[in-house]
Every structure is written in C-alpha cells, then in structure tokens.
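Letters are used for the chains, namely A, B, C and D, taken in the order the chains are written, and counting of residues starts over at 1 for each.
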C-alpha cells in the first residue's frame, strides 16, 4: 500500500536551519496522502537530487527562510537535468531574498531559474498541496 | 507694576474648543512675565481684535487645533489693519489644516495670510515665548 | 421652565419639536412615522444596539474609529475603507465643528469650498446640511452599524435628522457635550436640550426601534480621574434612562496605568448597574466603551503605534465592550484613511490576541475598584442631595459648587478648581481635590500618593508637574518626571 | 576527550587555539595581549557588560535590535542608523548563515557578489572574513555597546576574531546554538567547542576585561515552554561560569500570556541566582533578556506593530534588563533599516511609558512562578544526576533520554518527543510531556490545562491544535482556535 503513494522530497536548502515550517509541511503532505521524504534543514542541492533519484520522487519542495535563497537555489534545475530528472516538479517558497522586495520580481527570477512554482511568505501548506495535486493530475 | 507688563491676547479661534493647550500657554506666558488676556476657546476674529485694541496688546496668539484653521484664520490680518492694529504681531499654531500635510506648504500659506510666525504641531510653549521676546526686542 | 429629571410629556416634546425642525430647511424632511418604518428595514448586522448586546454576551471587544469628511460620497468611501481595510466592527460619523456650533451656513460654504478644493475643508460630516436623504444614502451605502459622534451642546436638529436618516447609535450628553465643548452655554440649557435628544430616542424605543445612546466618557481627555468621568457618565445614563432610553454605553478614557484602567472599567460597570437599578431604571442594557489615550500623542508614527497598542491591550484586558481607536497621525491632526485603518488593524490584532486572557481581579485591581467606587459614590450622592433627589438640577448645582468639576474644561460653568497629576506608578490622582465632596480618607489617599511622587522627584507638586504630565506621553513617558 | 564541566587548563586551551586560528587566514591577526590593551581603550559607554549592570541597578529595560549586512561600511551605516533613528540602547552584529556553518569561502563569494549587486546578498555580517581590522573599524565607527549574535555551532574562530576586534558581548552556547541551529552536530562537540568560547571570555576576565555572555534564550522560538528554555539557559550559565565568565545574561522568548511571561522572567532570575550560587559560582552578575515574540508574525505592518508593542509591554512589566526587538517587516524576511528603527522606537515608547508601573507579584503571577520553578528544578536536577554531578555530560545524556527536549528542533540530537500547545488563557503548556522528568502533579497540571482547552473547542488535542497555535499570531489570535 505504501508503495502506491506519490513521493515528494522536502527540505530546507543551504545553510538554513528553520525547522518549524519544515515539520508542518511534512505533516500537511503526509496527511494529504503523499509519502514525504523529509531531508530536514541544512540540505545541499546534491542531497535533494540524490534523494529524488533514489526514491523516484515526483516533486522536490525546496524551502528557504533566511534570505540566501537566491544564491542557494540557483542551478538546481540544471543539476536535475544533468541527473536525468529534467521534468521533475520543482517548487520553492519562503523568504527567498534578503530584505523586503516586490514579490513579482522575486517570482520572475525564480521562474527563470527553472522552478515550476514560487511561493511568497505567508502561503499556507494547504495551497501548496492543492497545487501539487493539480500539477500531478491527481 | 502690573501695568509695565507687555500684554498679549491668547485664544483658540473659530468653533474650536480645545482648552488644554490654551491653559498651558496661559501659564507659560504668565510665568514668562507677560500679562495674558486669555479669551479661551471658541473665539471669533473680532473678539481677538477688540481685545487687542482695548488692552493695547503687542501680540495676538491664535491657536487652532481642529483642522478648520485655514478658513477661520483667513482675513485676520486685514481686520487688524482696518482696526488700526496694522503692525501687531500675529502668531498662529496648532493643527492648522485637515489631514496630514507637508508643513512647508502650510507655513507658506499662513505667512501669506499675514501671520508673523506659524507653528507646527508639537512645538513647546517655551519656544514661542523665546520667539515673542525676540520679536518684541525684550 | 424648571429643570427636572422627569420624562417629558407628549405636549412638551412636540411643542419644542415644531420649533427645532425649522432651524434649518432640511428639518422639514423629518417624518417620525416614516422614519420608524425605515428603521424596521435596517438589518440586524447594521444595528448598533444589537451588535453591542451580542458583543457583551460573547465577551468581545469591538473596534470603532473616528471619521468624517465634508462630502457625502467621500464620507461613504471613507467609512467603507475603514470597514474593509481597517476591519472596523462599528462605524462612526464624526460631525464637523461648525455643525456642533449650529453654524449651518458656515457648513454650506465649506461644502462648496471642499467641492472646489477637491479635499475636505471640514473636520467632519455636516449631517444637518446633508439632510435625511443624504444620511439615508450613507446608511444604505455602508455595511456596518453607524453611530453619530460629535460634541454638540444643542444637538436637537442633528438628532432628529440623523435618527430619521437611520443611524442606530448616538453619542453625547447634556454635561459631557457641554463642559468640554462649550465656553458659555449654561448647563441648565444643555441638560434640558439633551433631555430632548434622549426623549426622542425614548419615543423611538416606544415604537420598537432600539437606538444606542452613549454619553461622552473622556470629557476633556486629559488626565481626567476615573471618579470624575464615571460620575458624569452615570448621571447622564440616569438622565437618558428617565427619558426612555434602553440601551446605554458608558465610557472611560484611558489613563495609562494598567491596574487603574482595568479597575475603572470594572467599577464603571458595577456602579452604573447599581445606580440605575437603585433609581428605578432596571430595564436598561449597559455596555462600556474604552477610549484609547485621548491626550497628546508622539508625532512619530512608530511611537504612536505603541500608544495605540497599549490602549488596545488595556481595553481588551479590561473587557470593555468596545474601544475607540486612535491613529498613528494623532499628533498631526486629522488622519488619512490609510492611517486610520492602520490604527484599527493594530488594535484588532491586540484585542484578538488578548481575547483569551481577561485580566483577573487581582488584589491590586480590587483596591483601585474600591477606591474609584468610593470616590464616585461621594460625588453622585452629593449631586443627588444638592438636587433634593434630582440628578438634573443637582448636576447644575454641583458644577456651581465644584462638587462636579472637570480638569481643563473650557466651560465657564466648570469651577476648574481640581488639578490632577500622576502618582509614582502613573495612576491619575488629584493633587488638588478642589471642592469634590470626598471623605477625609479619600483626600488623604490622594495627598499621600502625590506627596510620594513629589518626594521621589525632589520637588513640590505644582502646576508645572501637571504640565509635565500633560506632555509626558507625547515625549515618550507616562509620568512627567523632571529632567535629570 | 571526556566532556566535563571543568575549567580548561592553560595547555588544553592554547593547544586547541593554535589550530583554531589557522581555520581561515584572518585568524593570524589575532593577538590576545594586544587585544586586551585594545579593550582597555574602549570607553564605558560602549561597554556592554557595564551598561547592563547599570540598567539592572536602575530598573531600566534596554532595547536591542538584530541587524547585519555583508559589507563593512554598509554595516556601520546600518548600526549608526539604528542607534540614532531607532534610539537603540544596545547594538548587535548579526552574523550571516554561511559563517555560522563555517563556510568562509561562500562568504567571500557573497561579499564579492554583494559589492557587484549593490545590495547585501548575505543575511548578516561575515565577521571572520572581515577579520580583526574590519571588526575594529566597526567598533570604532559605532557609538554604542556591541554584541555578536549568530547561531554558530562551532564559533571558536568567530569568537577569537570578534573579541580581539573589540566586541564586549557575545551570544550563544553549546546547547542553544546547536539544537535549534544544527541537524547533525553532536551535543558533545558543541558543548566542548563552546567551553572554548567561554574559556576565552574567562581569560579576558582574568586580564580585567569583562565581556558579557548570553546563552540564546528562545531556542526554536516557537511555543517553547519556560521550563525548557530556563533549564537550558541555567545550564549554559553554569557552563560559562565554570570557564570563568563573570557577566551573564539569561534569556526567554515571549509566549504571549502576560502572567506567564512576567512569571517566566521572575522565575528565571530567581532560579539562575539560586543554581549558580548552589554550584559554586557566586561572583557572577546576572541580567535577563526578553525576546519579543519569535514565532510567525502577521504580514500587515500595523498588526506587526501590535505584536511588537505587546512584546515591549511584557518586557517592561516583567522588568527584564533588555528586550530584543522585532520589526514590522518580520513576516517578510530581513527588514529595511527604517522598519528596524520603527520597531525599536515603538518598543522604546512602550518601555518608557511602562517604566513606572512594574507588574506586582499578584497571586496569578505567583502560581506561574512556582510552577515554572518546580518544572525547571525537575529537569535541572535530573540532568545533574544523569551526569553524576556534571552538567556538561549530564546535558548530553539528558538530550539522549529526552529529559531535555526542545519542540520543533532541527537537531537529530533532540528527541523531539514533547509537544507544546496553548491553554485556554494562551499560556504555553505541554500537551505531550514526552520524557521530561516531571512529577505526577506537574504532568496532571499540564493535562488538565490542555484538556480544558480541548473541551472548550470541542475537539481532541492533536498535532493540528499545535499547528493552529503556530499560525495563530500571524493570523491575528494567540490561541489557535478552530474556525467556527
């Protein structure tokens, strides 16, 4: 039964150790019927990619709360492509840049980096679950 | 002895009944050695002028706290001139217009109306006393 | 006419009414019977009295701003903005200062000028000039309970027009809209004129239309000790009840010391209930309103938010039924609608955060409650005695004698003998009790409190101390200590 | 090496030191003797420890922001702005997250990028990369006491450089900068590494240079019950004192219920004093720090001001020695300097307004103080027992056993078995006490509190209730009630 569940990779990227939201997302996606592979905090890009390959995950959900997201998230799509995960869903959300910035610009920047969905601060987990189900045709 | 004191007219103009500042100004100018003719609140223009004539006052200190200052204060200089008080000092201060406005503009407007000094909100009585002493060469 | 706290007769009321409605042309459009029918169509969610009763039952503290501009459409936009962007539970219509002085001609000019200038040259909404039709357009365009807030000694025409227009709450009173708002209008006249307003509300009530009435609690808004405003509030509550008013909100302006503020609301609720019942008005619904700090504000908006938040916290902890909200522009005059909404949202956040932690009746609160009650009783009972058992004529005599006295009042009819100052903990006490009819115990209590502060500061209590207290909050303190 | 709460020997310390200073080229510029001389030139008004002692003596509550950017000149401007425009009493230097992970190469790149981009791409000041000379330029360009604030498990090189550079206060600890800030670094290693930092401060003290040390109070910042953070704070205080630290500030993160928050600061002061003296460290000066709400904030700035103000009020009423201030941009990431200054000014206004009304030890506060003390004693005494009379090794074993446990901690070395939730009054309790070594009385107390809330809400206590509490303040409530 477990094996029928869609797997998603969850983690907080880079040198970021914000754990609370990670635990809530873990709970929300598990409750919604996904099998969550939670890498926790302080996760390097390669760990996201390796986990996705190992578990045949359908999406990588990246969080960044500490403002370094712009540096940390750059190149993850390329790394996925190089590893044969080219079309895997990549979501990113949190406080992605240092300072209060117009979200439209931030959104544009991360879409250009190859992320499929970019969430601003304050978005609730339920919305992300709905989006993921839509994107996966569930 | 009383008669040696310089007399000033004090009052809150128009339909305005803010009394607290009026009582403080009364106290401050009296303490500073002036003889204050305090007309209190709700004072029409003609009452300021009549009091100045009757007491041979050297200055009229007009307060307006409720935002109608622009309408209420207009024409007081002309009325002074018509009554032979042409060069009497006219001070005005308070919240002179409705809404938060750039004080530079407010200042310009009231100077053009013929007031000698225009005070923004938050000015302490001591400053006005100093200015009045300067202007009167005391 | 002899002023008596006695319900007006039908003939007396309608005799006066005929005159009143002629004071300005818009008075002709007032039709009581039709107005009752109009009120019957107002839905419960827009009904002020009903909303207050529900809040009291649920232990809620509702938010209400102040707001009013000259032109109808702008005023509608303003209130809708405060409702949606400010999340205001209750809505006001603040009346301009010319209307408050019955200068309807000035209003007409200022409306003209405002249209030309493209901005409001009035500090409120001139409801008399807009008339019943204008007011109804307002009532129908705004989705919330609406109250008239003003400061009008003779408000009879304003009352007729705004109530016929569909307002469901009305602020003011014969004392609270005279002493802080007039210079030379006799109390006898304003109490008499406000009996008219209360009687009109009473007649609406007799026709099944419940309109909320609210005496103006904070009076001069500057260091008014709770016993003073409580005595006036309870008297005005009794005067209103006698004329048939059934839904009354009594108010208090924040002093700033948490224990005194919490105690003031508790004491007000308890005493008002007691006095109304004792004097034969047992069918009134009483609620309370807490005014955020009414004195001078810091000019800086961040600091103003702190003062607003502290007021919100005190209101919530005291469990007042509603709170009147200041804005971060307070020190600079009438706020923009955005600033007004921000004050409301800050207040809402704190009220909701504190909704689950009502302040317990600690020993410290209890002491303040007992003190406020004892002081207020001294005043109320003496007023009643001076009136030979009548609170209306008693109030007039009490103000003459200084038995009732309001600090910093502009009115010639207030003796202006008392002087308040803060004690070492920031509670407002009396440094000069004037002619207030206090017992020696109470006088000694105040003296001891002020002496302790004077000693702490190494100076004598004086008018300078009072001035320091008046400026203190705008300079970032509660107690106006001398500079070190 | 066996971890022991024992002052390091000279040889041990200097043996490790030789290695540490080689971790990054800037380590070579550290010269202890010269640094002592440099510290002797720092005037008292810029001296953190002295300022805290003065505040404690005068009953002041000092304000301190968080702030740090990548480039030196910008960082200097930022701190000066917060000093002048924010009226901050104490200044921080928040260290960036790469430095916290000892990724100095990443810092170097980000400094480059920041210079090119014209804005900081780092969330703090990379002090190791800027080196002793850079830090001294900072210290000399800013007119206020300066503290390093970070979250670095292995901070030894950072400590060497910032202290040699002239910082007079240093945050962190072997538990408080591991459990909330790391995933897979053992406690044994971080406690050991932090003994180095404490010993370095101790050596400065032995040379007459008093540097303030502050364990990080709020831990994960999310619904941490007072007993948990108090236990960690007191242990880290003891560990620091053993290494010779003489000036210690213990911290607590606001929970939101006023009585619990006031009680928490009182209990922390009393217990810390007691345990330090009991374990032989009677010559430490203890002060307290209150962190404004560390959890999720409302996005709206007006609402954020309300949360900030409530934190300021609680800090002032509790008479904490200092308060760490949030900003109206909190929900949106790192604030502009203007927003940071506004949070500071709002806080300052409230602290000053409430300076004259310390919160009395009411019966309600007293109950909370006794409860917090009883809970904390259970934990501390069990830790001591597990370490056979040693708080260092005892802490490692206590975390293994869940005797010490921090909710929502990212570290694998925290058992993560306890779950907090609010009670009906918003106080933070434990809905799952995990393996905390509580007496049955205490366990029953928590269960009764949570059961009462569950009953009120007509649902069972569950992780959903915890999530509701986590989001509550950002959604405008304290207790995360289910939607009606």
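Operating definition for what follows: contacts are C-beta pairs under 8 Å (C-beta built on N, C-alpha and C of every residue); 3 or more make two chains touch, one makes a residue touch a chain.
Per UniProt, the chains are A, B = Glutamate mutase sigma subunit; C, D = Glutamate mutase epsilon subunit.
Only a predicted model underlies this, so the values are computations on that prediction, with no experimental measurement involved.
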Averaged-CA centre spacing for the pair chain C and chain A, given as whole angstrom: 54
Averaged-CA centre spacing for the pair chain D and chain A, given as whole angstrom: 29
Multi-chain contact residues (two or more partners), chain A: none
Junction residues of chain D, two or more chains touched: none
Pairwise touch network: line, ring, star, complete, or other: line
All chain pairs that touch each other: A-D, B-C, C-D
Complex contacts: residues of chain C adjacent to chain B: 96-98, 100-101, 103, 106, 110, 113, 119-123, 151, 180-183, 220-222, 295, 299, 329, 331-336, 339, 408-410, 463, 467, 470-471, 474
Residues of chain C defined as touching chain D within the complex: 256-259, 298, 300-303, 305-310, 312-313, 317, 341-350, 352-357, 360, 362-364, 424-426, 473, 476-479
Interface residues, chain A side, partner chain D - complex: 14-20, 22-24, 27, 40-42, 65-68, 70-71, 95, 97-100, 121-122, 124
